[in-house]
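There are two complexes below, and they share chain A, which is joined by chain B in the first and by chain C in the second.
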Partner chain A sequence: MQLFIQSLLSGILIGGLYGIIAVGMTLNWGIMRVINLAHFSLTFLAAYITYQFSTVTGADPFLSLFITLPLFFVIGLVMQWFFETFQIEGFVSLLVTFGLFAIFESIMREIWTADLRTLPLDIVPYRVESFWIGPYALRKPQVGVFVAAIIVSAATWVFLNRTYIGKALRAISQDRVVAGAFGVNHRQLALLLGGMMGVYAAIAGAFIAVLFVLRPDGTVDFIGVIFAVVMLGGLGNTVGAFGAGVIIGVAQSLTSATIGPGFSPLVTFSLLILVLLFKPEGLFGRSATS
Partner chain B sequence: MQVNNMKVKVFSLILVLLLLLSVMPAMAQEGDPIVVGGTLSLTGFLSPTATLHHVAGQAFVANLNENGGLLGRPVEWIVLDDESSADNAAALYERLITEDEVDLLMGPYGTGNITAAMNVAARYGMVFPHHTASLTYVYDYEYHFPAWHIGLNTHITTNNILYDALESTGTPPGTIAIVTNQFPGAMNLAFGNDVLEPGGAAHMAEERGWEVVLEVEFPSGTTDYGPIAAQVRDADPDFLWVGSLGADGVNLIEAMEALDYHPRGQFYLWPTPGPLLDLGEVAEGAFSVTLFEEHEPFLSNIGAIDMVELYHAAAEEAGLPPSSQIVDVQVAASWSAWQTLVAGVEGAGSLDQDEIGQWLLENGVDTVIGHLAFDPEQNNFSEDLTRIKQIQDGKWVVVWPAEFAAPDAVPIYSADAE
Partner chain C sequence: MKWRALLGFIIVGLVLAYFPELRDMLGYPRYVLTFMYFAFFWTSLATSWNILTGYSGYFSFGHGAFYGVGVYTTAAIVTKTELPFLLTLPLAGVLASLLGLTVGFVVFRLPQLRGELFALLTLAVEFVVAAILFNLVDGGYGLSIGRVPYPDFLGDFSEMMFRLGLLIALLTVFAAYLVHHSRLGRGLFAIHDDEAVAEGLGVPTFRYKMMALGLSTFFAGLAGGLHAVQLSYVDIGGVFKLTVPLFVILMSLLGGRRHWLGPLIGAVIIHTFNDAFSDTRFQLLNDVATGGLLIAIILFMPEGIYERLRQRLIPAATLALLVVVIQALAIGGRITVQFAVMLLFVIALLMIPQRFYDTVIGRFVPSFESVKAKIRSGAEE
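Take a look at the complex of A and B:
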């Protein structure tokens, strides 16, 4: 029973990480119709910059957010400008962003080599520390990413549903022409959304730098599961992305503890297929954009 | 006067000879280069360790060319990126042989890639030295020459060497947990194979009367090691055997540490060595396998000191982190594979594949990891040269067998430890 509950908690927390990566993906896909594979490598680029910042300065990695948040806002904005200027969306966006994905990965390999990089424990001792609830351990950085995921997904949901700009963004996602007729400047709003994607990548990257050993192609460990989270959560639904992240995290973790880690991907993608068959709009629907 | 003339002549002759000697390597390298072709996983999940092989190979070839090349000709190494894919490796070796028409082959990194590329080399009868293949029982090609010299029955012998080290402490484990990546080579070491006699870490432990209390297999790309760590904690074995690659070991140790669980003893099969050292106190006492470490008696092996100096400089120049600038098993295996190729060509005195292959089979080769004998009856493996190393005071040191241990180093382990 202790193993079951410990694994359940571990799955819930790791679901937060999936959720925070998926929030950027789902907004890009749901609102701008851009299936942005580059979001993964952008996230890892942020992780590498976090790593570099901490190893050079010896400072806490999360202080790097003072650099990465504005930097990645600009990078995200420029990327979105590129998508808008060349009218890249849908299937074409998959191809184009795959190219960007490869470019970012090459940049990381050139700068940091393919060798493994990890933040020394004397800089981030809390990486292996836990909060304890009785006999159950909650790993501190995983708790951090879980809380961050709640804040990011909820704040984005409020932004999209309770603000004028958010409502305008949702209008764009439904019909750009009609939204434009009502005075919505879709280009400016798209750039803002691009910047937000960059900010989300920077936040997720900081946690990845703390939680994982970095390698330039580490993105591939996440692509499958994040796509599943986005589809399960419903395109454009940030709260859904968080919820789906937790569901998949728990499913993987319990499978790993009870049947075996080798079956985790099987369970994840079986779950996805079932949901797509019986609820193709995702478990949580496209509530943010529809 | 005649004496003076004689002195001038002798002096001039010496000068001319010195001049000739100084330019000999350059003169010797005149002519078309000998082209060695191969792939490495410059991208993909194998790239962290393949990078070490890339840097080592470049340093070896540069040094070879600075010292006269091969058969008096410069050597050019074509390295293609197989992207950590066995299919790609096979296709690229086909291209290297048929389109690029390389003179010689050097194997890729990683068991899967080597196995795939070896089939292509065999089809064309090319000599195939390689550094890190571990599925010993499937390699029946006569001209494959393994530098990872772990013996045909590595699933038995390597585990026995480790277990002997544990028993040498006088407090061997009574229970053991086996946790392994599903990578084929690691699975062979963990659970054996269906071709040779029974073996594997679990089986060999049971033969010694140790109880196997946990068996877990996990896929490459696992992102959450928490549930695995929780299973290990619940099983609480006297010894934890992990068939790890790359960063698996680091991830599992950190997950166990987060649960405040500290194994009494732990073994990691093929970790990228640097990150484990970077963990500091948490990884202290971890065991692993090696064929070479930067201390005696290994430094007395042929070319070892040169390798250490050249690799340190090359790794620093390549921008590798300090913990990866140390020569360990990966770099030494890479260097040995190159030494094998060079010895074969120089021994045969030609680029004829049969002549090179036969010379190596008959003579073996002295390398930085010791003498490699190639016994066709043993799929060109021979003695298992595996040594056991342990992190002691923040450094990897060989602790077993005793004759290869670093000065004053012995295995530190106790099943009774708290």
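Take a look at the complex of A and C:
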């Protein structure tokens, strides 16, 4: 029973990380109709840069956000500019970003080799520390990522629903042509959104560097999980993405604890298939953007 | 028409099957046989993928699942029983096909699962299959296939792989040819263009999609079953790598999806590149080029090489000949690398945008079609 509750708790917390990555995917997909597989690569690139920054300078990995946030804003913007210029969207975007994904992976393998990389404990001592609630441990970085996920998805929700630019973005997601007729500048907003994707990738990357052992093909572990989260949460629904992240996180950690770690991808992908089959609009609908 | 084609396939098959016997006479090194086996393997995979995706437009990212089922069927049976491995090949195909039909039976009934959602779903199927096989068959240790017994008339190991690979590739391409030229093929093309209209005009869309998927996955399983022996050690991470779906998609897109020959052309080209630049020093270059090529094709040559080649056959053939002669006389090197360099030049020529080509090269070099028309009209006079 104690094991059950413990894995439930850590599942909820790690769900926050899935939420942060999924928010980027779901906005790009829901609003710009770009299914960006390269988002996973950007996230891992950010994780590697965070790792590199910390091991070279010996500073706290989260200080690297001062570098990665602006850097990835620009990278995301450039990438979106590329999609805009060649009018890549929908199915074609899946193919093009598949190509980008392969390119990024080989570049990361070239720079950081296929070895497993992990931040040394003397730089991040809090990685193994925990908050204790009775007998249950809440690992500090996991709590951090959960809090960050709440902030990110709430801030995005406010941005989309309470600001003028956010309303314009939602207008695009409903009807691009009509929005254009009312003076919504699609191109500028797309570039802004691209930059935001980069920022989400940078934040998620910093946490991945602290929480996980890095390897260049580690992205593959996330693809299915994040797609499951995006579909479950509903396209373009940022709050839904967070909720779905928690659901998937719990499902994964409960499976690992009860049946065995080998079965956790099975459960995740079966969930994805079931959602696609029976509820393609997601558990939470597309309310946040439409 | 079909009998003539069958005869053509048989002749091509017999000529190629005799190729290993000519090794002493032609004096090519042994690795050419293995090189060609891999070309056959990728041809089978790409062509089988294209039977569903190229013809009907249902884009699958999960072809690796069916290939993987084939690999693991053969690997598991060969390591755990005494059954001869030749018998396991059809079984590998049938099991892969059963999996495909099960997926299709559910998925093709739901009209919302088109386009990117179908692609995602098939990708998820690949991961699910990998997870199931990991837990039930593999157990994390992988399977080692030692030497497998086979009939003597197939020759030594690389000759045997060459011949069996050739057989499977020919069967797959012939099936793709038959589908292309049959009622089924025309139905699938109609589904590709507009499924609702096709349904309205009386195309049995569900049945046709199931037939295409069944065929497609059968040949993927067959090719996978044979490939298990070539790999000799199989593990989940290696078999279910995303390179299989990536390459299969790349090959078919490069070659052209609306013609049965397209995936074959693409498979030969991509495999040649990969082999020629497989040196670890070029690993980064090779990977980046593979991804970049996929993007470049989608942006600049969406209809694939086959269509472009038909329009620019004469300049392409001239260029190819020129490059081959220059290399043979002046540079030398491995045969396969020379072949790759030649293909590189031809692809560069084919990728030139149509408008630019028409104003610069097309003005001086007549297209193959126009030469044919001229000869025909000359003969009539």
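Quick note on the criterion: the second predicted complex is superposed on the first by the 284 of 290 C-alpha atoms of A that agree within 3 Å, B and C clash if a C-alpha of one lies under 4 Å from a C-alpha of the other, contacts with A are read in each partner's own complex, and residues count from 1 in each chain.
We adopt the following convention: contacts are C-beta pairs under 8 Å (C-beta built on N, C-alpha and C of every residue); 3 or more make two chains touch, one makes a residue touch a chain.
Everything quoted here is computed from the prediction, not taken from an experiment.
J.: Mind checking the superposed model to see whether chain B and chain C fit together on chain A or clash?
T.: clash
J.: Considering only the touch criterion stated at the top, classify A:Gly11 as touching first (chain B), second (chain C), both, or neither.
T.: A:Gly11 sits against chain B, while chain C stays out of touch.
J.: May I ask you to decide whether A:Leu116 touches chain B, chain C, both, or neither, giving the answer as first, second, both or neither?
T.: first
J.: Have a look at where A:Val220 lands relative to chain B and chain C in the superposition and call it first, second, both or neither.
T.: In the superposed model, A:Val220 contacts both chain B and chain C.
J.: Considering only the touch criterion stated at the top, classify A:Val178 as touching first (chain B), second (chain C), both, or neither.
T.: neither
J.: Once the structures are superposed on A, label A:Ile107 by its partner contacts, choosing first (chain B), second (chain C), both or neither.
T.: A:Ile107 sits against chain C, while chain B stays out of touch.
J.: Mind working out whether A:Leu95 is in touch with chain B, chain C, both or neither, as first, second, both or neither?
T.: second
J.: Please indicate which partner A:Gly262 is in contact with in the superposed arrangement: first for chain B, second for chain C, both, or neither.
T.: So A:Gly262 meets both chain B and chain C here.
J.: On chain A, what residues does chain B touch that chain C touches as well?
T.: Shared contact residues on chain A (touching chain B in one complex, chain C in the other): 105, 109, 220, 260, 262, 265.
J.: Using the touch definition up top, name the residues of chain B that touch chain A in the complex.
T.: 42-45, 47-48, 50-52, 182, 216-219, 221-224, 226-228, 230-231, 234, 246-247, 250-251, 254-255, 257-260, 272, 274-275, 278-280, 282, 318-321, 324
J.: Which bits of chain A are touching chain C when the two form their complex?
T.: 35, 86, 90-92, 94-96, 98-103, 105-107, 109-110, 220, 223-224, 227-228, 231, 260, 262-263, 265-266, 269-270, 272-273, 276-277, 280
J.: Residue numbers of chain A touching chain B in their complex, please.
T.: Interface residues on chain A, with respect to chain B: 2-3, 6-7, 10-11, 14, 105, 109, 112-118, 120-122, 127-130, 137, 139, 212-213, 215-217, 220-222, 225, 249, 252-254, 256-257, 260-262, 264-265.
J.: Which stretch or stretches of chain C touch chain A in the complex?
T.: Those residues of chain C that touch chain A are 59, 106-107, 110, 112-113, 115-117, 119-121, 123-125, 127-128, 130-132, 134-135, 140, 242, 246, 249, 253, 283-284, 287-288, 290-295, 298-299.
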